[in-house]
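The first chain written gets the first letter, and so on, giving A, B, C and D; residue counts start at 1 in each chain.
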Amino acid sequence: MRRQLPLAICFVMGVSMVVQFFIPHRVSQEFYRTILDWYRIVFAFSLVLGTGTLIKVHWAKISKKSKGWQYSIITIGGLVFMLAVGFITGIQEGTLFMKIFEYVEVPLEATMFSLLAFYIASAAYRAFRARTVEATLLLIAAVVLMLGRIPFGYYLWHKIPGIAEWILTNPNMAAKRGIVIGVGLGMISTALKIILGIERSYIGGGK
Amino acid sequence: MGQEWFSLDRLNVLIGVVVYTALLLYFIYQAKKGKELFVRKIAGLEAVDEAIGRATEMGKPILYIPGLSTISDVATLASLNILSKVAKKAAQYETRLIVPCTDPIVMPVCQEVVKAACLDGGRPDVYREEDIYYITYSQFGYVAAVDGIMVREKPATNFFLGMFWAESLILAETGASTGAIQIAGTDAISQLPFFITACDYTLIGEELYAASAYLSREPLSLGSLKGQDWTKLIIGGLVLTGVILSTFGLRFFANYFTTG
Amino acid sequence: MNLSPDPWVWLAALLTLCIYSFLYKDNPFYKAAEHLFVGLSAGYFLVIYWYNAVYPDMVVPLFKQGKLLCIIPGLLGLFFFFRFIPKVGWVSRWSIAFYIGVGAGMSIPATMQMRILEQMKGTMQPFFSLETWHVFVENPSLASFGALIGIPLMIVGVMCTLSYFFFSREHKGVLGGMSRIGIIFLMIGFGASFGYTVMARISLLIGRVQFLMSDWLGVID
Amino acid sequence: MNLEKLMRIDRRLIFLLIALAVIFPLLFPIGLPTHLSKPVQDTFNAVDSIPPDGPPLMLSIDYDPAAMPELYPMTLAILRHCFSRNIRVLVLSLHRAGPGIGEMATTRIAKEYGKKEGEDYVYLGFKPGFGAVILRMGEDIHGAFLTDYYNRPIGEIPMMREIHNYDDIPLVICLSAAAIPELWMMYAGSRYHQTIAAGVTAVSAADYYPFLQTDQLVGLIGGLKGASEYEKLVNELEERLGVDKKRKESLSKEEYEKLQVSHSKASAGMDSQSIAHLVIIAFIVIGNVAYFAQRRRKR
């Protein structure tokens, strides 16, 4: 029950999803559709589980008064507040829920994301040193592309955008394709090992 | 949809899957019989032991990010296989392992994996469930929190293995600024350049999938690696044939690879 | 200067500055914003999933239309909560196995199709084309030369990159040479992606600065 | 000694200079021109070839607020393109954080062009499941989405009566900051032969070139630069069609100017872009000079 059944479920589901792909028959399609609908619902439940552990972690911090526990109050408060607002007002445009989304979540997401502008500069400064042949190629390709993407590059030498585009569509694409094919093989073999129960760490230990 | 029981325009996909599966199974079978199998050195993985050892010496935790994707993403599954090996070592060294998750299903799976690894390493007592938790499904909310962990807990070693998106560089640069050893690996092509510039070691694409075989040296996994390589040879041969035929204006061969 | 009168805009602007303060160093403002962010967003997704998945796809069909089959995903979902009870926590493995099996199974044929067969086909280009040769001979320039060698270079690149991912053999001899060329392609590719990305990253900052300077402070239009 | 220092500059100095490089050009614009690229032109043509008042363009808002600086201007430009040509639009979102953005964009542009919800465009809203939803729509859109974003049963929406699956959709444009266009290609493209174009952040644009070559994508808009190009194409189109002239006549001068600014927002950011790039390149050069000088001294 604890180990064999999960392995069996995984095997059956895996194989039927593969087989299904090749069968255009109505029965197969219907089966597929049902599974996909289930898939979504199961996910929503796991979200509740996850949020449960989040509360647990922060609650423990508050009750033990461990370092920075005051901030945990903000997290739990924010969570409860958002749930309350969402379930009371609904999620239509103009509700308080959407206002909070638009003026708190959106700016926080966007600002966090925009930190990349700074980090990409510092990463370039630290890492782009012509130490070896490979590092030099990395550096040159990066600088050419950077110049090729801005109008200034065009004024510097009108061929730079063309060269940048050429690097992107030829050597770059070759490298990507090589990686994509390799990754594809790795993915299939990992998926297969999971279905066959060769890789089974996900069901944990015990009997 | 139709009444047919097989879609003919997918025959090539079926052949591909069958041939590949057969090759994998053949080499797995060979490995099971005890045939010696070689694996080339993978720099990032050579460093795993050293990285865990360093954390132990410094008395600082290890941070493991299993990517930001779902459990149905194969990259996540590959990462969990590596997590299992890392957790086992960490348990033996009694080093704290922090695994924050952004996907609510990945979280319980990580708990299972680490728990099993501790048991496997003979130290079920060092398993701390409270260190493996869900943060938020929001991409950058998660990143904000992980950045916080990095600057406050100051882990000695950061692992970023699995599927990553734009957040890769935020994580890697923040980690670099705290002086941690960083080992990354992903099949997300667009994020590889950032891991390569900001981390100490990076597993590129398929190396992520080869990692669990490399670390465990289990014959079954090594066998599948050999099968992968043979398939690469076959792919190379087919592509070359296609190139030659196309050069003479014969596209029929390439067209066999059109999928429906 | 034309300060915004909207308190919501002020809130958004202050939170923006709280996050940026992290660039200097970790501080209470960042910590507060970070914790608020985590709490609110976790709540947001629960609400969104309730309204968009659980309610229309399970509650309505099960309780209002009597589709009993919807009990199964409901049960699989509920199994997750067994984790809160240590003794029967393993029941959740059934749901996990279901999820992993479906994901792994779905990915196999799709990956074969997208990542392998289609990419193989894309690589099967004519190694040498008379057309580009003629263009080059008639009008020798950097562009026509690039077009002439582009495809052959791409084909060689794919092969060499692929050989870098050979694991079961030492990278010596022919394989060693090919994989070394493969590394060169990889490095050029990574450099190119990095350079290409800089632009995207700067535009994110531009977006935020535009918000602060126009929506909040009103110093630009 | 000085070189040592230069090699290990405080990161915060770099941060400061980047911030200044972005802020100054926004205060004092330079006005550098942009060049048109082929994948953007191809996308524009693909949209342009959809007949007016016929089957709709499907626009999938698959990004979150974090990607808005790049993808939102694209979204607006595509919607403007459709509405100025009277092409109908079917909008949806596969990203959990996308529905709010979709709502914001469609209502705003529809209002600007006087388009009616339910007749000229439909907003289906968000459905979780990514690939699963894409596949489900290939069978039956009415089954994938039981109601639209405003909870109206799909069957009751006039525009949806003739639309059942991908056979009734001439083009899908997926706007995404992640790998969702791949899912569209994998499921809608390979399985249902749906024509697909994508608008992506500049970072992922390079990844999609292989798919352009294999025709799995008919067009590609990459990043703020791509958005500024599309914006320019739409502005020119509106001038040709006389939409712009009509707007100028019907609106007050102030309103018209305000609209004009919002219609070229992507182009405005390109100056800061250029300066910031140059600052980064300057840093790379300084770093390398210091590195080589130091290495020489060590010898």
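Annotations
Following the convention adopted for this analysis, a contact is a pair of C-beta atoms (placed from the backbone, for glycine too) under 8 Å apart; a residue touches a chain by one contact, two chains touch by 3 or more.
These figures come from a predicted structure and were not determined experimentally.
Comparing per-chain C-alpha centres with the mean over every protein C-alpha atom, the closest match is chain C.
Placing every chain at the mean of its C-alpha atoms, the farthest one from chain A is found to be D. Averaged C-alpha coordinates put the centre of chain A at 20 Å from the centre of chain D.
The mean-CA centres of chain B and chain C are about 15 angstrom from one another, to the nearest whole unit.
Computed centre separation for the pair chain B/chain D is 31 angstrom, with centres defined by C-alpha atoms.
Multi-chain contact residues of chain D (touching two or more other chains): 11, 15, 18-19, 22, 64, 66, 68-69, 96-97, 128, 139, 190, 201-203, 206-207, 210, 213, 225, 273, 276-277, 280.
Residues of chain B in contact with two or more other chains: 1, 10, 13-14, 17, 20, 70, 74, 77, 105, 108-109, 111-112, 135-141, 144, 152, 166, 189-190, 192, 194, 196-197, 204-206, 210, 225, 228, 232, 235, 259. Among all residues of chain A, those that touch two or more other chains are 18, 21-22, 29, 37, 39-40, 43-44, 46-51, 54, 68, 101-102, 105-106, 108-110, 112-120, 122, 124, 126, 128, 138-139, 142-143, 146, 149-150, 168-169, 172-173, 176-177, 179-183, 185, 187-188, 190-192, 194, 202-204, 206. Those residues of chain B lying in contact with chain C across their complex are 10, 12-14, 16-17, 20, 37-40, 42, 70-74, 77, 105, 108-109, 111-112, 135-138, 140-142, 144-145, 147-148, 151-152, 189-190, 192-194, 196-197, 204-207, 210, 214, 225-226, 228-229, 232, 235-236, 238-240, 242-247, 249, 253-255, 257-259.
Those residues of chain C that touch chain A in the complex are listed here as 8-9, 11-13, 15-16, 19-20, 22-23, 31-51, 53-54, 57-58, 69-70, 72-74, 76-78, 80-81, 83-84, 90, 93-112, 114-116, 119-120, 122-123, 142-143, 146, 150-151, 153-162, 164-165, 182-199, 201-202, 204-205, 207-208, 211.
Taken in their complex, chain C has these residues touching chain D: 23-24, 45, 48-49, 52-53, 56, 106, 110, 113-114, 118-119, 121-122, 192-193, 196-210, 213, 219-221. Interface residues of chain D facing chain A in the complex, by the touch rule stated above, are 9, 11, 14-15, 18-19, 22, 32-35, 37, 64-69, 97, 100, 103-104, 107, 128-129, 132, 135-136, 139, 143, 150, 202, 206-207, 209-210, 213, 225, 270, 273-274, 276-281, 283-284, 286-288, 291-292.
On chain A, the positions that touch chain C within their shared complex are 1-2, 5-7, 9-18, 21-22, 34-35, 37-52, 54, 68, 71-72, 74-83, 86-87, 90-91, 97, 99-108, 110-120, 124, 133-135, 137-146, 148-150, 159, 162-164, 166-185, 187-188, 190-192, 194-195, 202-204, 206.
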